[in-house]
Amino acid sequence: MLLGQVAGKVWATKKAPHLTGQTFLTVAVGKDLLVCADCVGAGEGETVLVATGSAARVAAGDHVPVDAAIIGIIDP
Amino acid sequence: MLLGQVAGKVWATKKAPHLTGQTFLTVAVGKDLLVCADCVGAGEGETVLVATGSAARVAAGDHVPVDAAIIGIIDP
Amino acid sequence: MLLGQVAGKVWATKKAPHLTGQTFLTVAVGKDLLVCADCVGAGEGETVLVATGSAARVAAGDHVPVDAAIIGIIDP
Amino acid sequence: MLLGQVAGKVWATKKAPHLTGQTFLTVAVGKDLLVCADCVGAGEGETVLVATGSAARVAAGDHVPVDAAIIGIIDP
Amino acid sequence: MLLGQVAGKVWATKKAPHLTGQTFLTVAVGKDLLVCADCVGAGEGETVLVATGSAARVAAGDHVPVDAAIIGIIDP
């Protein structure tokens, strides 16, 4: 998993089915910016644990077409 | 997921079964160019959300051999 | 998916089961060289569409242990 | 798989279901820092074998949303 | 798939279940060193074909938590 910092939020009104209700947060991982499904209710500035690939769907749900999910908030 | 900008379209007359009818858009992600199955009807210049890996098939269909799909259009 | 140019062919007499009969082409993707299962009959110099990861097996067959496959030939 | 050195531990009180009881170690892989589920009881400073992607769940359990796991400790 | 050169061997006495009996070879792929399950009996110095991701388990066995496997030896 990757460690990153929640940077903000993105909105997509037009999206694939099964993404409705999903919150998408941008997470700064090193110099990269990853858009992640939020599975734990993370807030801006928090350090989070990001799972990528098929693991993201284990967290977000099998039918949710995401490849990155926030699966934990690192204790401060 | 990655954020990118739709750059254009590619055509492949000769292709694997199950790709028939699929629209392939090129998406600029940073300095890289990714060819993505379009699952939301995106247009050139729009900022889109791209899912990679097996998540692309959750969006495009289980039997469609793609590894990248546009799953959302970012609200302007 | 990635866009690349077919560069050549590789032969492996000693290989894993389920690879018998599979054609392996080298494809130049930017500065990288990827060995891909050919699912469309591509020829040297052609610009092709390459699917990586589990998508390659959707194209080449579930029991074929490949992680990259040529799934289309880009129209000239 | 990747070879890396166990660097430390991270704690996440708020996390996705199925992560409870899982130990997360940070592993230095070259210049990158990867957070891995520990499946073998590795200790700080040990050289370990890290499996990424869906292989991590084969080691940690199908319903555990992780994308990296320590699957072996390299003999000194 | 990637082309690489077998560089050596690693031993891990303490490892995840289902890894027992598996031979792990280090393979130089460009500037990177990848640890691969050997599925074809490759030897040091040989040029090999490496499959990564879930394809490695198609070659090594579904319950073997590996993400890279040698699936062929390139003909000299």
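First chain written, first letter: the chains are A, B, C, D and E, and each begins at residue 1.
Simple rule for what comes next: contacts are C-beta pairs under 8 Å (C-beta built on N, C-alpha and C of every residue); 3 or more make two chains touch, one makes a residue touch a chain.
Everything quoted here is computed from the prediction, not taken from an experiment.
Under the contact definition stated at the top, the chains bordering both subunit A and subunit E are D. Centre to centre, using the average C-alpha position, subunit A and subunit B are separated by 20 Å.
Subunit B and subunit D have Cα centroids lying 32 Å from one another.
Of all residues in subunit D, those touching 2 or more other chains are 53-54, 56, listed in ascending order. Each chain touches its two ring neighbours, and walking from subunit A in the direction of subunit B yields A, B, C, E, D.
Subunit A meets subunit B in the complex at residues 10-16, 18-19, 24, 26, 33-36, 53-54, 56-57, 62-68.
On the subunit C side of its complex with subunit B, the touching residues are 1-3, 39-41, 49, 51-56, 58-59, 69, 71-75.
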